[in-house]
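Reviewing the structure listed below.
Naming follows writing order (A, B, C, D, E and F), and every chain is counted from residue 1.
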Amino acid sequence: MTDAGPMLVVCAHPGDFVWRAAGAIALAVAEDRQVTIVCLSYGERGESASQWRAGKGLDEIKAVRRDEGQRAADALGAKIEFLDAGDYPLVETAALLDELVRIYRRIAPSVVLTHAVEDPYNADHPVAAAIARKARILAQAPGVAPGTGDVLGAPPVFCFEPHQPEMCGFRPDVLLDITPVWDRKRAAMEQLAAQGHLLEYYTDLGRRRGVQARRNSGPNLGLPADSYGEAYQRVFPLVTRTLA
Amino acid sequence: MTDAGPMLVVCAHPGDFVWRAAGAIALAVAEDRQVTIVCLSYGERGESASQWRAGKGLDEIKAVRRDEGQRAADALGAKIEFLDAGDYPLVETAALLDELVRIYRRIAPSVVLTHAVEDPYNADHPVAAAIARKARILAQAPGVAPGTGDVLGAPPVFCFEPHQPEMCGFRPDVLLDITPVWDRKRAAMEQLAAQGHLLEYYTDLGRRRGVQARRNSGPNLGLPADSYGEAYQRVFPLVTRTLA
Amino acid sequence: MTDAGPMLVVCAHPGDFVWRAAGAIALAVAEDRQVTIVCLSYGERGESASQWRAGKGLDEIKAVRRDEGQRAADALGAKIEFLDAGDYPLVETAALLDELVRIYRRIAPSVVLTHAVEDPYNADHPVAAAIARKARILAQAPGVAPGTGDVLGAPPVFCFEPHQPEMCGFRPDVLLDITPVWDRKRAAMEQLAAQGHLLEYYTDLGRRRGVQARRNSGPNLGLPADSYGEAYQRVFPLVTRTLA
Amino acid sequence: MTDAGPMLVVCAHPGDFVWRAAGAIALAVAEDRQVTIVCLSYGERGESASQWRAGKGLDEIKAVRRDEGQRAADALGAKIEFLDAGDYPLVETAALLDELVRIYRRIAPSVVLTHAVEDPYNADHPVAAAIARKARILAQAPGVAPGTGDVLGAPPVFCFEPHQPEMCGFRPDVLLDITPVWDRKRAAMEQLAAQGHLLEYYTDLGRRRGVQARRNSGPNLGLPADSYGEAYQRVFPLVTRTLA
Amino acid sequence: MTDAGPMLVVCAHPGDFVWRAAGAIALAVAEDRQVTIVCLSYGERGESASQWRAGKGLDEIKAVRRDEGQRAADALGAKIEFLDAGDYPLVETAALLDELVRIYRRIAPSVVLTHAVEDPYNADHPVAAAIARKARILAQAPGVAPGTGDVLGAPPVFCFEPHQPEMCGFRPDVLLDITPVWDRKRAAMEQLAAQGHLLEYYTDLGRRRGVQARRNSGPNLGLPADSYGEAYQRVFPLVTRTLA
Amino acid sequence: MTDAGPMLVVCAHPGDFVWRAAGAIALAVAEDRQVTIVCLSYGERGESASQWRAGKGLDEIKAVRRDEGQRAADALGAKIEFLDAGDYPLVETAALLDELVRIYRRIAPSVVLTHAVEDPYNADHPVAAAIARKARILAQAPGVAPGTGDVLGAPPVFCFEPHQPEMCGFRPDVLLDITPVWDRKRAAMEQLAAQGHLLEYYTDLGRRRGVQARRNSGPNLGLPADSYGEAYQRVFPLVTRTLA
């Protein structure tokens, strides 16, 4: 009962949308929906260990990560915007919220993807989730940043899967079948040279979530044995006319 | 991604499917799906206070409640089966599980509705939920009651809303728009003379859940101001190809 | 075992004390207790959609909301103070905490009412709750803002009911019978022209909580059928000499 | 808003009402309320290690524990009934539920005390809590055991404190000041020769809960420095006309 | 601070100890500790789908599963006992508890492994966990089954990882490095022809838990890149003299 | 499997490391490990009520508390650093995080102790916990504060016990036997003249946790009857090769 309009993905670092949500992005693109990824930082300090160890400088590293993120977005057919808000730590500021409010209004997404609210291994992820959710609420109010476009509706928010879901209180309530676009996700992952060791890891995860999608949907739905999946958790209830 | 096949509703007492799930039932019927309600008891002891106060006997009360339940199911266009397992307390037995396994296999539901797992005000409700969920798992195994039909797939299970959701750990993740069938739900509720004081209560609740459905889906979806809704909570993740 | 001294209500926006706590306020006033409402903002951005849509300016809207809030407080017989800290987003600052500490010391409340700690639909509410609870702790310490009056005791804190309690982890542990002052609550609600559509909603809620108060207190307590109630959740344990 | 009527305490073993609830019992007795303790077993297997080690037989041990329990109840001025349902394990049966329903109806308690729902160290405690709460619900229904007296109202239920509260999900929401009857609790505890080593332990706990009662009620309430307390957790919301 | 004595593993079906705990078993055997696996059923109905589909009879299937379980235990160097209590559903009975109490006393384990308390996909697993934990408590009491050996101490209980941990409330607090015995776990898994498709799945899981063990222990501990791990959750606190 | 390297304790106020973690500190010192306590503030406003009541000035109070903290650390044989970040409220700032990152890198702790994440009675404690955990994550990244030493590994984090654990969601999973160093903890506690009334309280607590350590480890481990203990909760899973 939501129209299949634009999708907005808000993440802390470039890797996040690739490992955790590339399948959802590729599926939306395949449905001719516009997808915009807002990357709050370049992951220049927290997600670029090998670059720093190689002795590169801050600007150089940001350029490398930006390039990787851009290429991954290109591989998925999505648009990406970098807000360069800094990472490790990512900090919520009035300016950053304001910028994101304007983006919400400009894009008018019909669905939003972001981080889960807990992550004991990465302090930027919960901050990014809070920023994404606060800005969404702000963008709904006519009194906030008046003159920056129509107010936002109430797009559903989906948390994508953290690296260690069982340590983050993440209990999935949606398994997304991404089998038809798995090659796109794989292509996007291959752009992330800086975190190359994760490629196998997330291929395994995709396969595992695919198996669970089959298991949760019953044999008669025709999900093939080599399905791939991604897990999500809703923030707000689904509005629907069919229980299924 | 689940085919719109038969719906199975498992509840402890006749009132439960009416107050909590009549909208979902009527919607399914309106889609030409077969709906079977399995009522584990007649609610003859726990939900028939006025009958007992009027001095009626057990068999008479069971007949009254059966008749009410049958009329409510008729008003919705659903089939109803009474297992007469007794209430207050409803007790899980091997025979009852076995009977329900056979029903699961016979009906092969593509969706199951039942109670939530906690209710400090009614001890039969959690028991009914446990029975419904256990029997569903048993029906999936070829080694259980072999020869009683094809094994069950993995139909999703939805918990319908308890009378006091905030006391039962019930956090809805689905809001079902039942506006098109509200008159059917109302007609079903009107059959329950024994609990007539609840009619206004659940009309209010339907309106409230309708307002929330509008609020959660945004103004642009066209839910009218006088929408009606029912709330549900999933047990297993949704398998889908679209995030919306 | 708490003396029936002054009551302090800390809320984010003017509407909050009306919809969620007007019954408790009116009851306290009826007992000749002094009630002070501290409204952290005018709700000028987040709770004034119709004003903004009507093209009004910021100062004008603040004046309108202030006037409404003042009239609602007057209808209840309570004092109200506006801290004008801004909303959407409401932000915790050292100055705001300091101001609230001084208010706590000046009023020396024997009971405090504020928001619940979670609300996925409104980001100001949890912030207001955090501010109210932090300032209460600060006001207890002789070393904080010395010279601003006697340190605070340990007044109990009650969270009033969020708009969608089941989405906010709100499990009520107090049902307040507000039947004797329902007309006062109704009069206060009628002052809020900007959110007039909520009047019927909160009348329904009051009735529902009244029904639950009856149900939880047993037939022999004499709560009438048309009781009205408000729900609260304690932060700290009740200290008492009677279990009842 | 509950009348100060009879109190019913349902516990698994004789020690439980002494260590965990003797203060509440003595306070009620001091208010001239009738208090009935229903002890589901004698604790003959699980709480009588020293007797078994001393080579005593089952009947002898039951007699010893019964005598201790009786003396402790006498020291508190309460009535005690032993249902002799067996312990380690205590098992829920239809007969036991039925017996307890009749007791609820006969006593018509205005308040009920029992165990918390979780205890990883003692499997009888959660079973006793379940039995006490189920029987209370059954006793409310006119259709259950008709002819055994007036149906029960809706007396509040308080869980008393488990031996290791932080391991049992026990978050107290009531601190009962038992200072005026501490000598009675002490006298009751002294009857339990079989678990004598716990006397010092529960004296410490009483003092600790007393300190917390002072801390949570503020210096101005006049709780003396050597207060004693007991902690409780409500199952159902308090119905009241005063927030305090 | 626990002596490295015998290990007891209590599981519902033969597959469980293999997929979830074979590494812990093999490590204990490698330390010359005696390991006993108590398998409550043969998994003859719920975990033997392919056998039933192949038209085999109940006794034949039990024999097949018993043989597989025995071979897997042999591959690990552990002793296995089958209690043949039936599965799908596994039911807690007094006789089964009694038998397990005697086993606890005979073996006197210094550590116990069993299922987690929640599993929406398999109703036997929580039942097995409850039986294992209840029998452990019963075995600690001199008054239970006197004459069947010395009473049990307080061996720690570890829940092994369910198939879908994030759906079972399983938050691991121990990561066991099973790298030195991975070949033994693999050999045990290879015995389970009936569930052969799980071999790859659990090899992936072992690798993943190994990666997490490395990540949680820091680079300086020397866990190799190809480590294997198993995850566990404690029921009772660890008693130790070193925080590490 | 963690080497017994340096221990870092991060706390909000000087009293915290004494009451809650002195046993762990003394044990580490007794093992010849280097222990550094980082005290974020002097507790000059929030934990020095008697000084303020005595009319002392801010600098004087800070000196008094610093002196007490230093003497307590000396009594334990640990090093202490005061960051003087202010208390009541303690505020997270970029500068404070940066300073702590450098300390982590300088010390390279193999274990970290800090506050639990919730405390309704003290708002500084959760802030200190957040700072300690964020800085630990930052210190692991080569891109953060490059040039300030080797990046940190992944030392485990233990939350020490809050004053009212059951109000803070604190469920201990480690009981530390501090019997051998109890006299050191007692000596440290005796330095805290400003909070002298807590000495008896924490002696009781130590004894209680000691009793629980005995109870959880079984009679055969030889913990003496007069054992003392401290409770801790892990943030990350233990990595080990032995389940015990």
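Here is the rule we use: a residue touches a chain if its C-beta (ideal position, glycine included) is under 8 Å from a C-beta of that chain, and two chains touch if they have at least 3 such contacts.
For reference, the UniProt names are A, B, C, D, E, F = PIG-L family deacetylase.
The shown structure was predicted, so the numbers you read here are calculated from the model rather than taken from an experiment.
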Quiz item: Which neighbours does subunit D have in common with subunit E?
Solution: B, F
Practice problem: Starting at subunit B, figure out the least number of steps needed to reach subunit D through touching chains. | Solution: 1
Exercise. Fit subunit C onto subunit E over the CA trace and report the rotation angle, somewhere between 0 and 180 degrees, nearest 5.
Key: 180
Quiz prompt | Farthest chain relative to subunit E (centres taken as mean CA coordinates) | solution = C
Exercise. Report the chain pair from B-D, C-D or A-B that duplicates the D-E interface, where duplication means over half of the contact pairs agree by residue number.
Key: B-D
Self-check item: Separation of mean Cα positions, subunit F and subunit C [Å, integer]
Solution: 37
Self-check item: Shared-contact residues (touching 2 or more other chains) in subunit A
Solution: 121, 167, 172, 212, 215, 231, 236-237
Quiz item: Which of line, ring, star, complete and other names the graph you get from chains that touch?
Solution: other
Quiz prompt | Touching pairs among all chains present in the structure | solution = A-B, A-C, A-E, A-F, B-C, B-D, B-E, C-D, C-F, D-E, D-F, E-F
Quiz item: What part of subunit C is in contact with subunit B in the complex they form?
Solution: 121, 164-167, 169-172, 201, 204, 207-208, 211-212, 215, 231
Quiz prompt | Touching residues on subunit E, where the partner in the complex is subunit F | solution = 1-4, 7, 24, 27-28, 31, 110-111, 113, 152-156, 158, 172-177, 180, 212-213, 215-221, 223, 231-232, 234, 236-244
Quiz item: Across the complex, what residues on subunit A touch subunit F?
Solution: 44-46, 48-49, 51-53, 58, 61, 88-89, 91, 120-123, 167
Quiz item: Any idea which subunit B residues touch subunit E in the complex?
Solution: 94, 97, 133-134, 137-138, 141-144, 146, 151, 235-237
